[in-house]
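You will see chain A twice below: alongside chain B first, and alongside chain C after that.
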Partner chain A sequence: MFKKVNSAAYSGLDSVGIEVEVNTTKKGLPGFNIVGLTSKAVDESEERVKTAISNSGIEFPRRKITINLAPADIPKEGSFYDLPIAVGILASVMNFEIPEKSLFFGELSLDGSLRHTKGALPLALFAKNNGFGNIFLPEDSANEAAVMEDLNVYPIKDLDQITAYLLGKKEIDSAVYRREKEEKESPEFDMEEILGQEQAKRAAEIAAAGGHNFFMMGAPGSGKTMIARAISGILPPLTESESLEVTEIYSISGNTGPGSGLIRKRPFRAPHHSISKVGLIGGGSKPMPGEVTLAHRGVLFLDEFNEFPRSALESMRQPLEDGQLTISRSKQRVKYPSEFMLVASSNPCPCGYMNHSEKECRCTPRQIFNYQKKISGPILDRIDLHVSVSAVDIEKLKKERRKEKGESSDKIRKRVEKAREIQEKRYMKEKIRTNAEMKNRHIKAYCNLPEKTEEILSKAASSFNLSARGYFKMIKVSRTIADLDGEDVIRPKHVAEALQYRAKTTEDKAF
Partner chain B sequence: MKSIKIKEKRYPKRLKEINDPPNELYYKGEWDNDLFENCLAVVGSRKMTRYGKKICERIVSGIATRGVTIVSGFMYGIDATAHRAAVRVGGKTIAVMPCGIEKIHPAYQDKLYKEILQKKGLIISEWSGSTGPAKWTYPKRNRIVAGLSQATLVVQASEKSGSLITANLTEKLERKLFSIPGPLTSSVSIGTANLIKEGRAEIVTDPEDILKFFKKKQSTINFKNKNNKYPDNSLKKKIIDSLKVEPLTVDELSRKLEIPIASLGGIISEMQIDGIIEEDSGKYHLLDNY
Partner chain C sequence: MDTHLKVGRVGEEKAIEMLIEKGYEIVEKNKKNDYGEIDIIVMDGKEVVFIEVRSRTGEKFGSPEETIRKRKKDKIKKNAQAYMSFKNLKNRYRVDVVCIVFNQNMDIKRMDHYKNITL
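And now, the complex of A and B:
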């Protein structure tokens, strides 16, 4: 008998409807065949489905079973076709109807129960957009899908349960979204825990307010990593739609845990410098998101920036510029978003102690020159804020400010949020949202410089040897500083402060 | 390839006085005999400290403005700082290379190399072609540095520094030796301190000490603190007073003067643009004329 079950496949963040056609017949030798451009994981479905059905107390039918995943020319990937296949076989053997407008999705365990399966949220989105009213999926993945309103999400424990439901013997309550399961941990560090480093903290605040990329150079142990980790705590919380975007990415890449809900905290990704190009950008024969996409709407922290393979860093140019990237492979082409804030840090020299107040640097100028030259120029060009972080004498600092603590992340975040609001209003009619995204056209339109401001900027351009690009970067940063001040006009003091964060090239330093 | 043979009249006279003057000198730039009239060799450690850099710049620029040619070996560290300081104040300088005349060593100092030639300085070597330097070429080069100069100034040197070879050569030629004192906690101060202790070198604390030897008039650069244009209790004045004591980072300044970093940054930038202070690897220094 022939049965049809609906499911979906995703390529990138987009989903396509897939029909799982099951035919069982007593004619011919018993057998089990899956067709329709399947991958290894789908082929292995046979063993899981067979065993799961037997272990659910139903005798596996001795018939010739043919399964077609249509359309047959789209590559099928993943283990979530287990449930639609099993349901199709059972329906055909036990002769029950499959409810209309329903999607089935989930990986089977050998004992007949269903396991947490990645990609629940994108599937729910697809269901909602394509008029499927019901979605059947593993209990552990149900909360993710339950975010979607106007959708009946049926959490399934095992094959027994769904068979009973489809035979009309037992009801299943549709899942209600449980907000308490949301991922909402607070960041590891609060800004007030970081002693000293006032300038770096201020730069982090500006970077967060304007969405600027941020580069720190300093000795080991000076607190670069702490500052970077604290940045996600001063960024405004994710909006509802941003939360959805982030959760979708994490769901596709299998980074959401069983029972989890929407991700509410800003992603913070800190890949090690041994990462490959594909790991950073994404890819593979079935293109998966890389770190730049996992850091979407959050922070990508590259510690030991100049130790990263050059090819990996260079390939970050497009995602940095466009906020998205397209991965092309022979079989498919997928688009992933990548709007992240880049935070990079590096030591000043190979031994790490150049300009250290106590330790002596053991590097020759040539070593230092070569070391700093390794930092990719085009990427540095896309970083607006540069600070050097010097090691702090903790004991001395503790004595100096026994009473007063630094500002807390909460306090800083309030200012950042205000500045972001101003920007949102300003760019209402534009495609951009933050100052960092401004192109020359926007700078002309939104950064009117009064005469005095212009004067200090041109003076600075000559005395600091600013390049044309450096000049525009300074205007962007000044715009953000003015926004933090709540001022509409960019004043000389704003530009003057921005100049503190200009890039200091190696040529500036005399060897 | 330009060169000058020992038989020629233009060959520097003082160089002939050494034991084994080179038969032929290859050079880049415009040969001008005036360059060789008053020469001071400035030598020192490659492991220059920040203090060494600062004091070298101060003394050399004071001397170079008065027309004394600065001779050194184009190595990184004190050598390069001396050349650079001379070029920046429009003074004359001669770089004696430890390698073939066609080679720039160290290669990454090519910018300084060009600057020296642009400002009518001279690059010389006793070797033609582009052979690289070797361990033995450095002391050979040193004999030319010492040979060309009436006096040698040792800025920073450790106990077994190559600069001391130049100092020895200078003494053998019975020429004047100068040395700058430095903090005894630093290893690159020991060599210079020994020179002073043993009475071999005359101590230098001011460009005047050397200019007197060359019988040159007072330096035009005035190192005494000028009356600056800021009122006594202004923030900028306070910053200047703090930086007079020691170089500080912005963070340290902000804590010391209790000014929020957001407003201090702008003020610091303004002072930098005005040429009052200078940033060197994170710390701010007062420029010499303040």
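And now, the complex of A and C:
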């Protein structure tokens, strides 16, 4: 008997409907065949489905079973076809109807229970956009999908339960979204724990407020890493739509835990510098998101910036510029978002003590030149804020420890949130959200420069030899500083502060 | 004779009984040629039917159906073709499988006849 079960597959962040057609017949030798451009994980579904059905106390039908995953020309990946296949087989031998407008999705365990399966949220989105009213999926993945309103999400524990439901013997309560399951995790460091380094902390605040990329250079042990890790604590929480975007990415890459809900915390990704190009920007024969996409709407922290492979860093140019990237492979093309804030840190030279107040640098000029040239100009060009972090004076540290703590992350975050609110209002009619994303025409429209400010800017441009891009960068950073001050007009003091964070060329420092 | 060979022999006998009862005309038994052996050849009206018999005692170690894989199917098909051309027959032909499961006392627990397995 022929049965059809609906499911969906994702390619990138988009989903396509897949029809699982199951035919069982008494003619011919009993057997099990899956067709439709299947991958290994789908082929192995045969063993899982067979064992799960017999372990659910149902004798596996001695019939010739043919399964077609249509459309047949799309490559099928993943283990989530288990449930639609099993339901199709059971429907055709036990002769029950499959409810209309329903999607089935989930990986089976050998004992007949359903396992947490990645990709529940994109599936729910697909269901909503394509008029499927019901989705049946593993209990552990249900909370993720239950975020969608006007959708009946049925959490399934095991095959017994769903068979009883489809036979009309038992009801299943549709899942209600449980907010308490949302991921809440406080950042590792609070800004108040970082002693001294006022300039770097201020720069971090500006970076967070305007979404600017941020680069710190300094001696080992000066607190660069601590500051970077504390940044996630001063960023405003994700908005509802941002939260959906981030959770979707984490869902398809299998980074959401069983029973979890929406991700509310801004992502903070800190990959080790041994990362490959594909690891950083994503890829593979079935393109998966890389770190730049996992850091979408959050922070990508690259510690020891010049230890990263050059090819990996250079491949970051396009995602940095466009906020999205397209990964093309022979079989498919996938678009992933990558709107992240880059926070990078490095030592000034191989020994780490160049320009140090006490210690002497042991590096030759050649070594320093080679070390610093690892980061290319185009990458540095895309970073708005450059700060050198000097080593902390131990004596001062001792004194400060006795004194009260510095400003807490909560306090700083309040200011950042205010600045972001101003930006949101300002860019309501535009596609951008933050100052860092401004293009030249936005600068013209939204950066109110009085004569005095203009004067300072042009003076700085000539004396510091600023390039055209450097000039506009300066205005962008000034805009953010003015927003932090709550001022609509950019004053000379704002520009003066912005000038401190400009990129210093290699020649400035080394020679 | 070893037990498993005996089971096979008894299975073939039982299959023949069943086939006769169904009205097939037995043509050959254990016909050997270069490719191997065909258990039973019968006529179903004008159609030549090559029958492979699979017998097992109990299903604890899997069903007899599972023991027929692609390789065995191909072998039976080749065998059938060779027989047809050797005898210069122009009839239609097909391959069937009879699966028999015995219990400990060699009583038949179930016997299934699958028609045209190369379908």
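Note that in this section the second predicted complex is superposed on the first by the 503 of 511 C-alpha atoms of A that agree within 3 Å, B and C clash if a C-alpha of one lies under 4 Å from a C-alpha of the other, contacts with A are read in each partner's own complex, and residues count from 1 in each chain.
Convention: a contact is a pair of C-beta atoms (placed from the backbone, for glycine too) under 8 Å apart; a residue touches a chain by one contact, two chains touch by 3 or more.
Remember, it's a predicted structure, so these values are computed and weren't measured experimentally.
In the superposition on chain A, A:Asp150 makes contact with neither chain B nor chain C. Touch criterion not met for A:Glu100: it reaches neither chain B nor chain C.
When the two structures are aligned on the shared chain, A:Glu59 is found in touch with neither chain B nor chain C. Contacts of A:Asp73 after superposition: neither chain B nor chain C is touched.
When the shared chain is aligned, no partner comes close enough to touch A:Glu180: not chain B, not chain C. Contact with neither chain B nor chain C is seen for A:Glu240 once the two complexes are overlaid on the shared chain. Of the two partner chains placed by superposition, only chain C is touched by A:Pro30; chain B is not. Interface residues of chain A facing chain C in the complex, by the touch rule stated above, are 27-30, 62. Across the complex, chain A meets chain B through its residues 196-199, 201-202, 348, 354-355, 364-366, 369, 388, 390, 392, 400-401, 456, 459-460, 463-464, 481, 492-497, 499-500, 504, 507, 509-511. Residue ranges of chain B in contact with chain A, taken from their complex: 46, 53, 76-77, 80-81, 84, 106, 108-109, 111, 249-251, 254-255, 261-263, 265-270, 272-273, 275, 279-283.
By the touch criterion stated above, chain C contacts chain A in their complex at residues 63, 65, 68, 73, 97, 112, 114-117, 119.
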